[in-house]
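In the two complexes below, chain A is the common chain; its partner is chain B in one and chain C in the other.
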Partner chain A sequence: MKELVLRPLEQPACGLSAESISCDVFAGKSVEEIEALEVYSGNRRRRLGDFFSVSGEAGDTPGETRIVIEGDVPRTKWIGRGMSAGEILVKGSTGMYTGAWMRGGRILVQGSVDSFAGMMMSGGELEVQGDAGDYLGCAYRGEWRGMRGGSILVHGNAGTEAGHCLSGGRVTVMGRAESFAGVRMRSGLLVLGSAESRVGAQMTGGSIVVLSRTEMLPSFELVDRVSSPEIEGVSFEGVFEVYAGDLAERNPKGRVYLKVE
Partner chain B sequence: MKLVLKNGYVYDPANGVNGEKMDIFIENGKIVEEVSGAKEIDCSGMLVMPGGVEIHSHIAGGKVNTARLMRPEDHLRNVAPRTSVTRSVCGYSTPSTFLTGYAYSKMGYTTAFTAALPPLMARHTHEELHDIPMLDKGALTVMGNNWLIMHYLSEGRIEHACAYAAWLLRATKGYAIKAVNPGGSEAWGWGRDVRSLDDRVPHFDITPREIIRGLMEINERLSLPHSVHLHPNNLGRVGNFTTTLETLELTRDVKPSRERQVLQLTHAQFHSYGGDSWRNFSSEAESIAKAVNSSDRLVLDMGQVVFGDTTTMTADGPMEYYLSSLTGLKWANKDIELETAPGVTPFVYSEKSPVSGVQWAIGLELALLVESPEKVMLTTDHPNGAPFFTYPKIVAWLMSAKSREEVLERLHRAAQKNTVLGSIDREYGWSEICWVTRTAQARSLGLESKGHLGVGADADVAVYRIDPESTDPARDYEAVERAFSATALTVKGGEVVVRDGEVVKVVSGRTLYVDAGVGEELEREVLKDVDYYFKRFYTVNLANYPVQEVYLTSPEAVKVDSGVR
Partner chain C sequence: MRVTHRDVVCSFCGTLCDDIEVDVEDGRIAEVRHACRIGTTKFLSASRHEHRLLKPMVRENGRLKEVSLEEAVERAAEILAGAQRPLLYGWSSTSCEAQSVGIELAEVLGGVIDNTSTVCHGPSTIAVHEAGFISCTLGEVKNRADLVIYWGANPMHAHPRHLSRYSIYPRGYFRERGHQDRTLVVVDVRRTDTARLAQKFVRVQPGRDYELISALRAVVNGRKLPMDEVAGVSREDIEELAEMMKSCSFGVLFFGMGLTQSPGRHRNIDNAICLVRDLNTYTKFVIMPMRGHYNVVGFSEVLSWQAGFPFAVDFSKGYAWYNPGETTANDVLQRGECDAMLVVASDPVSNFPKPSVENMLKMPIVAIDVHPTPTTMVADVVIPAAIAGIEVEGTAYRMDVVPLRLRKVVEPPEGVLSDVEVLQRILERVKEIKG
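Let's look at the complex of A and B:
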């Protein structure tokens, strides 16, 4: 695997749309070609090289390419959009839409990610060592068929509506998720260290596991109590209350597991 | 501005021209006998037809915009930045106004009518039409659930109903009388629907049968260019073909005032359903086609379904509510006080679904079983059956039994079992395609200068990059689809606007509306009632209601002297 290093230069005052920072785009290109890639700062077209110094070498294919971003880029959006293979390591925090439409490969963010990380993902891995903003692993605005595959792991906390319309794959938040985690979820697995409130509102399928007690919506019914269950192919230890819902929806098949012991 | 399109294979069936190699002469936006010193464009080896005419497509209006708001995810499709001539665009089932114009034009269309104009939304609709470039436009004014129409008809005051309809067309700058689920959308205001022609409309002493018959009588007394354009009751319901047949039967005692039909059965596919539950849902296209074949007062447009993701929208609120309760997807209601009640919900037509498969087959069956192509119009009821971007696919299906068979084999077996499509080997020729994509529409709408290439016609021409002499569309249907997706040349009003599938010039087109004159005395009386209705019921002031001509791009009034006094 070959490595390409992006060292942030002066960052723009408004957001930088950098869909081109992806192993699929970088693969087979020279450093000069990569510097010349198009990015948008607000509505102005700029070069990637205006905001990053580029060094190293890209692989011939996305799978042989590893991108390292040396530092914080909290305003850089769309990193790894639609990526199919390869690796991106960010030694800092990223802006919105990190890993959106990702199909394969791996992104590791050592800092935090802003909102909409992993939106509409269908494969690959996104790992965040800090926190995530709102709409982690969500569906695009208006869409009811959300993330279909792959996995997201956040070591810290997540904002509101984590796993919004989740339709497959796995989203894990080891810390606390704010309200409406798993809203309109259809299938897949959402694991939360703890959850603020309204977990699984409008869910019709899939499983949510909360590793501590939380208040359930009145439209969920306590149906069982299980110990050390296997949920969507993953084993959990401890005693869990099982809730069925959201009964306010048509044909609800969702399950919420609350760890009680 | 002069132009000669040289040596193309011309199809102009309205003038008896079927594939003759000839030149088309253009001067000042019209087809002429001959010009000299004009720019010549070589069209040899290519197919030349009149510009396409769209008769039923939801391209502008309140519910189109509601759908745009409701489906941001749809705007991810067809995203393209601006060019030196075109604006940036996006959308598929809810395309932006600009994309609507560009995309129709690339397919060789030069005229399009938006399918439903609720009077109260007229100003907004014309603002959207203003922003649809490339096309001549018109709008069908919705009247099937209008309080004053129902009031006059229930009291048997037909002259008053005529005068009000004429005023409404003028006030909304509409082109024809459209009716959507007559009586049903009004009943929806009370959480109900009508399920047969003889159900009574709540709070009005009238039935759908009386509304439909009344509207046809109004239309013929006013002698309007188009006939009544009807979306019958029970759209999309299992077994609805009996309602449809009963409705078609009503045309028997209506005398046409012009040489045209008295009723257009619109999106006929959605009204040709047999069976008594979704389990034995089947095609009744044969019954509907038989009724159309045996009458000279009926035409239909297909309302073809094409598989994929789309947005349904119609001035039939109860139907949209019913559909969204079947799919569990989001929906919106857009109630239009005193006039109608549209709804909007997304829908996915799936090849694996038995119902979608049968629906797909029904549209094609109708087009193939109605003998005369003069009575058939290609539509998808955009975007209800599919977005209009799919038209080239449908052209290919009509021309090739093999291409239909290939789809049929992929579908749920219900599509073979519950339809007769597999046994139909009829294949359209180029002339028939010309009829169902432009000429029949122009005839139905009474557009004398469109849908043909005779001297005096509008210089709206589509040139497709396919050689009708050497191409066998039955076998080479993919080439047909490609050719109809992007013209070699689209000429609008005598100017080349599309070349090799790219928009090269943006023009704005005209907006056509009907101005039917009635007796002054009668009109004054009716306006008194209108005034009362506005004071008593409407939330807007009468003075703010009629749309002024300034809202229209190049307005063109089609004047009719009805003789209604």
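Let's look at the complex of A and C:
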């Protein structure tokens, strides 16, 4: 695997829309071609090289390409958009839409990601060592089939609506998720260290595991108590209360597991 | 000589009453009949020029100075055309014709355009994307509704003629005895003046509406609630309300800021729409937002025709991109992602959260308005405008998405143009600068 290093020069106040930072786009290109790739700062079309110094070498295919971003890029949006293979390592924090529509490969962010990370993801791995903003692994507005595959792991906390409309794959937040985690979820697995409120609201399928007690909505029913269960192919230690819901919906098949011991 | 204009449309709130009578004497509005106190005051304010903006102004050395319209338009066009990400905000208290020019201006500039629904019923719009929408016209409410619910809305104060024109008091085709043929239910956190008129008032704990809607849905869908109360409402009350909703022949749920701007926001509306959907298994039930500004609905309509999305559209990459949370006015402002603002017929300095206003104060602002406001006071360019619906004609959409023609009853102050004309002049100049 060949490595390409991007060193941030400046982060524009108006935000940087950098859909081109992806192994699929970089593969087979020279450093000069990569520097000339199109990015947008507000309504100004600029070159990627205006905001990053580029060095190293890209692989011939996305799978042979590894991108390292050396530092914080909190205003750079769309890193790894639609990526199908390869690796991106960010030694800092990223802006919105990190890994959106991602299909394969791996993104590791050592800092935090802003909102809408992993939106509409269908494959690959997104790992965040810091926190995530709102709408982690969500569906785009108006789409009720959200993330369909792949996995997201956040070591810190997540904002509201993590796993919104989740329709497959796995989202794990080791810290605390704000309200409406797993809202309108249809299938897949959502694991939360703790949850603020309204977990699993309007869910019709899939499983949510919360590793601490949380208040459930009135439309969930306590149906069972299990110890060391296997949920969606993953084993969990401890005793869990099992809630069925969301009973506000018709024929709901969702399950929420709350760890109580 | 006194001239009476009949069937004038009131351009204040989303109820858009179209039965107003306005007497004009010597070119000034002398008397207004049929309008509520708010609408009457708006009509009368048009002729009180001491409350109006009358001259274009440009800020020089920290002070606003009167200039010619040409100079103000030139300065506005320079500010907007020079910006990397201008934000064009307001739009809900002007005509569709002005909104249409504003949207073209946003596209030519490569800016972000958003209207007041971003701090109002934007959450309703987001919910509609996910849950759909089951609604009707206010005429259908008047002729058919026998159960009327106001949830988180207080029309006695915000839409004073809503109950008398459409929902409770009028005699309708199938409701010949008016209010005697209807039941009024109010759900709110306090006993409002609307709640005092209701046959049933349900007091919900603040911020717990979502739980109450979920419980209602569970009961409507045939479940037995395992707890004695939800959100401060007893199980018996929830079951009674669910039964009232299922057994009516035409129910309508009107909702306001109490649902859209309390914890849960668009999720509250999503759940409420799903409740109404569920109720249609048993009876006919519809839902309608209590829209505030008289043409806030029009903006969503016009933006949807021209850009495909109802609010918060970002044209910065040359195409329309929509994602509330990123492209909404307060998100753009609080992240400091815009560098100039055009404010039309709105006062965000008074109404936006402090972090947004703090960032607004750091950037040049162009304001087009009829009255001085805190926003025009901090603006760098201020251009006065005529009042749509009083001094210029135009189109506006009622809260049930019915378009009505705004009338002109008096002349605007001398030299004051309509929003449409001001915006067209700025657009022409911006096109010249942008080449």
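Operating definition for what follows: the second predicted complex is superposed on the first by the 261 of 261 C-alpha atoms of A that agree within 3 Å, B and C clash if a C-alpha of one lies under 4 Å from a C-alpha of the other, contacts with A are read in each partner's own complex, and residues count from 1 in each chain.
Operating definition for what follows: a residue touches a chain if its C-beta (ideal position, glycine included) is under 8 Å from a C-beta of that chain, and two chains touch if they have at least 3 such contacts.
Small disclaimer: the values here were computed from a predicted structure and weren't measured.
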- Message: Should chain B and chain C be called a clash or a fit once both complexes are overlaid on chain A?
- Response: clash
- Message: For the overlaid complexes, name the partner, chain B or chain C, with more touching residues on chain A.
- Response: C
- Given the touch rule stated above, what does A:Val183 touch, chain B (first), chain C (second), both, or neither? second
- Message: Looking at A:Trp144, would you say it contacts chain B, chain C, both, or neither? Reply first, second, both or neither.
- Response: both
- After lining up the shared chain so the two structures overlap, which partner does A:Arg250 touch, if you call chain B first and chain C second: first, second, both or neither? both
- Query: Which holds for A:Ser219: it touches chain B only (first), chain C only (second), both, or neither?
  - Reply: second
- Task: For A:Gly42, decide between first (touching chain B), second (touching chain C), both and neither.
- Result: second
- Item | Selected from 151-159, 295-303, 331-339 or 421-429: the stretch of chain B that, after superposition, runs into chain C | 331-339
- Query: Can you list the residues of chain A that touch chain B in one structure and chain C in the other?
  - Reply: 140-142, 144, 249-250
- As the complex stands, chain A meets chain C at residues 12-15, 17, 40-44, 96, 115-116, 134-135, 140-142, 144, 165, 179-180, 183-184, 198, 201-202, 217-219, 221-222, 246-250
- Query: Inside the complex, what are the residues of chain C that reach chain A?
  - Reply: 83-85, 109-111, 126, 129-130, 210-211, 213-215, 217-218, 221, 223, 225-227, 230, 263-264, 267, 270-271, 274, 278, 315-318, 322-326, 335-339
- If you look only at chain A, which of its residues touch chain B in the complex? 139-144, 204, 249-251
- Hey, which residues of chain B end up touching chain A in the complex? 70-74, 76, 325, 328-330
